[in-house]
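For reference, chains read A, B, C and D in written order, and residue numbers begin at 1 within each chain.
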Amino acid sequence: MREEEIRDIIFDILLEIAPEADLKTLPHHGDLRKTLDIDSFDFLNLMIGLNERLGVDIPESDYEKLNTLSNMLTYLSARLG
Amino acid sequence: MVEFRMPSLGTDMKKGTLVEWKVKPGDHVKRGDIIAEVETEKGVIEIEVFVDGIIEKLLIQPGDEVLVGTPIALIRTEGQQETEIKAAAAEQDEGAQVKEGTESPLQYKACSIAAHRAKEQPEQTREKLRAEAGGEKRIKVSPAARKRAEELGLDLTTVRGTGPDGAISLADVEKAAIAGKPAERKAAWQIPTGPEGADFQLGMRRAIAAAMGRSNREIPHYYLETRIDLSRAVRWLTEENKKRSVKDRILPVVLLLKATALALTEVPALNGYWIEDRHQPVEAIHVGFAIALRQGGLIAPAIHHADLKSLDELMVDMKDLITRTRSGGLRSSEMTDATVTLTNLGDLGVESAFGLIYPPQVALVSFGRITDQPWVENGMIGIRPVVSATLAGDHRATDGRTGSQFLNALHRYLQEAERL
Amino acid sequence: MNAGQTPEPIHMARERDHNHHMLYQMLLIRRFEGKCAELYSSMKIRGFMHLYDGEEAVAVGVMQSLTADDAVVATYREHGHALARGISACSIMAEMYGKREGCSRGRGGSMHLFDDKTRFFGGNAIVGGGLPIAVGLALADKVQKRPRLTCCFFGEGAVAEGEFHESMNLAALWQLPVLFVCENNLYAMGTALALSESVTDITAKAAGYNIEAEAVDGMDLSAVEKAANKAASRVRSGKGPVMLECRTYRFRAHSMFDPELYRAKSEVEAWKGRCPIASFIRLLKEKGMLTDTELHEMEERIAIEIDDAVAFAEAGMWEPVEELTRFVYSDRRTE
Amino acid sequence: MNSIKNTVKMTYREAVREAIREAMRKDERVFLMGEDVGRYGGCFAVSKGLLEEFGPERIRDTPLSESAFVGAGIGAALGGMRPIVEIMTVNFSLLAADQILNNAATYLHMSGGLFNVPIVIRMSTGGGKQLAAQHSHSLEGWYAHIPGIKVLTPATLEDARGMLWTALEDPDPVLIFENNTLYNMEGELPVDAGALDIDHALIRRTGTHVTLITYGASLFKSLEAAEQLSKEEIQAEVIDLRTLRPLDHDTFLKSISKTHRAVIVDEGWRSGGISAEISARIMEGAFYDLDAPVERICGAEVPMPYPRHLEEKALPQVETIISTVRRMVKSNG
């Protein structure tokens, strides 16, 4: 899967969680949770969304590898081969 | 050896009473011979035998009443050995026990169901009492209106019914929805993501203002804070979550919620209301869980019977509540039922909080962020994940002593996360 | 078996075979039902079960007059009719068990045996309810000009029903090919004939419908066969229905068991002395048409046939509960 | 539509007769049997003239023996015929209830699928002709209780003409109930009118405020009530059930999901009647669509009285339908 496709899916899920967010201006390397004001429930929902849409089951110990958009893309691309 | 059993001679025959044996041990019998007379509901019936052989033993006596299928005689068919007879006799003894003991296995089943029911009873009674205590007057609402109101997240207590006996109809709900939410009507094309719009915001701020204003005016707060070592709890939860797929994972805040609810069962004085100058503890524990809305504002809908639910159930409940709070689908009972409130400001990076009690409740429990801190135990310093727990108590209802009992209990429960 | 003797004339051999066949059938019915009583007692068979002991000569005798194309409408005491009509003991036993392999797929049970190959239309458990059906079957044959008859068995109890009167009248009025066979065993359940009919001579009633009728000793197989042949050929001649009254007796209770409060033991014993099977065996032996060895062999064969039937029924399948509502309406549309 | 070329004017009676005639012509196995269907021409003159065309063997007069000739019809169906059995009125059918219930409805099932019974039994039903308590009842709802038979209640000329052939083609017993007040009803029928399905209810009038569920003669009362209500801006949807068993509940449940209100109009008695069944199905299938309790307008629970004014009072009438709907819609509209 191409990175753009993964990004689109992430944005889809984020829009459900934070509908008011302007994702176009989302910084690639900024902390996602702080930027988008995402709490732990929202973050869990993001993980569930990724699991449902991409089939990737992300262990809790990897959560910190998903702290920025850029890291998230790297991590998911790697997991999706 | 053949066991001759009380025959079933009709679908309505359940048992029979032996009137007379027509044979005695040692007699030869042929298939079709009448060997006994049995009294049934229909009268005295002659019963026939279906084998050829010698009567070995008669197992019941005239006057004995036995169920259909009970062995009543042993018949030795030709060529059988003595050893078999012994085995059959042993079996027969068991049969006799069944006869004496109880009518049939079905009864056991019935009994166990009854026992089960009896066990359930107190719970049902409690439910009933709760319902009665609620004492709300039932509003008449048509099923269609009820469904629509739920879809709209509309509180039916605010709708005026125009149907027979004041029943609320579908049209009443639609009217109320339009009147209550002009913003939605104006911008119907927008994606309805939740209770948005200036009016809603304004209404909510006013409600918060009224409640918090009253709280600050009327409730003499006292505050107690303690820090709790969560290393065991976090370790347990990490292990537990490893076993689970993403969607089944449990968040730490659920442990805090359950521990709070259980601690309240030990210190019930903090769970309840101050109404009409009187402290009124409540048996049921409905924890109001403060949820911040993205567009601002705060709602603390109740998680019913939090002490009785498993961590999984609580996780599901919380997810559901958060979703519905943010999309505007809360039920009115959820808005009003809370007996205590919990706020978790950890996600916002706050270390500890000293909030205002939501009247008429008498306590507010706040948690801060779980942070790694230096911790001394048994004279050793280590790094531990620690959370700050704060209790705000209504001094009219309880004192610091009660509050400290609660925090101690909370601490204890959080050391044994696996038992939550 | 006649080795070394003068060869038997062919008609004699035929008669012997025929008689053996009839004896076999009567014995099969008696033994089959004995097994049924046993299986009922051990709860393999449930529901109501009406045994035919003592009446075997009626079913077996009458069936000799029917062809494969004819139709049979029977009562709820119909195991004998079903066996004599040629429905296999296996499929009847499986039906009593309620298994899917039963002749009615287990849906009917003891009182509702059905079979299309032998045109066996029940197994009717409403007294008198089969009579109008027989009239209709005969009507269809007559209208469609098929040379068949419909043989309708009913008990003397049915004579008190309005449907008896209506059906006799209609069949005679339209001159339909029905052979009405009244099995008069003297008791409608526990009610003696004299307590239910103002005119106890059933045969006499037929005159009221202008129907030819004859009474015959139902305990005498040869007599029943002869009378049935005569009646059937008259029906086939197109002169309308005929009624045959077979005077018989059931040795067992009405349905599996009853305390027999309604009839004297001495009466039952007296009738048992006239057992149609015992008398037929006696007759054949007198005529030199049956040896003890042959009888023994016959019993052996019957025992095997019944064992097979029980094994077949035991091995049968229960219809899946998902099929509960099947056969309420047809799965297919008729042409 | 009504161009003289394509339609022909006839009565309901004639529509039934045409259906019988067509069936007799199409299929040799079809025959009509019943009391006075031949020489007399039928109690309600439905079969008038058919004897001359088809002869006494196929238009078969029977004695007054309901049980025997209904049973004979079942036997004939088992024997390969396609009988149409006429019973004068539904009240007389009770004399044949044994054959209908214990035989026609059970043979297929008791025989494990071996013997189906393709019989059609027609009878008149309903009140309105001052025939009093032994000729005027509506027992079709009773028969609809019985699995194994189908129960048709044609109300329109099209259905009177079109349902019979489909019923004859059905492999299972079909009962057709003809409301006796409809026999003289006149209308236009297409010249080429033919067989119609017997499995579905039909929306005879569309509306948005309330669903009127009915069948038989009450259909026309419901349509008239709907017409008058429309002047008050109340739009009633009128559903003609056409067949009471199997009951096509999908049609009325769908309608109720739109209108949120239902009124059942049934000549039959209320207690344990088909109206109760319909109401229960609504409860099971459309509870959350309801904005008002289901209402029923049924026959009064009395044996039918003889005098005209009492008979009228005992039957559902247009005014009652209107006032019921009005109260229902206005009180919570």
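Here is the rule we use: a residue touches a chain if its C-beta (ideal position, glycine included) is under 8 Å from a C-beta of that chain, and two chains touch if they have at least 3 such contacts.
The model shown is predicted, which means the values in this text are computed figures rather than measured ones.
If each chain is reduced to the average of its C-alpha atoms, the one that sits nearest the average of all protein C-alpha atoms is D. Across the structure, the highest number of inter-chain C-beta contacts is found for C-D. Comparing the centres of all chains, each the average of its CA atoms, the largest separation from subunit D belongs to A. Inter-chain centre distance (subunit A to subunit D, centres taken as mean C-alpha positions): 64 Å. Centroid to centroid, with C-alpha atoms defining each point, subunit A and subunit B lie 36 Å apart. With each centre defined as the average position of its C-alpha atoms, the distance from subunit C to subunit D rounds to 42 Å.
Here, these are the chain pairs in contact: A-B, B-C, B-D, C-D. Residue ranges on subunit B touching subunit D, taken from their complex, read 142-147, 162-164, 167, 169-172.
Of all residues in subunit A, those touching subunit B in their complex are 18-20, 37, 39-41, 44-45, 47-48, 50-52, 57-61.
For subunit C in complex with subunit D, the residues that touch the partner chain are 71, 102-108, 112, 114-116, 121-124, 126, 129, 131-141, 143-144, 150, 162-163, 166-167, 169-170, 173, 326-334. In the complex of the two chains, the subunit C residues touching subunit B come out as 34, 37-38, 40-43, 46-48, 255-259, 261.
Subunit B meets subunit C in the complex at residues 5, 7-11, 13, 31-32, 40, 42-45, 48, 50, 68-69.
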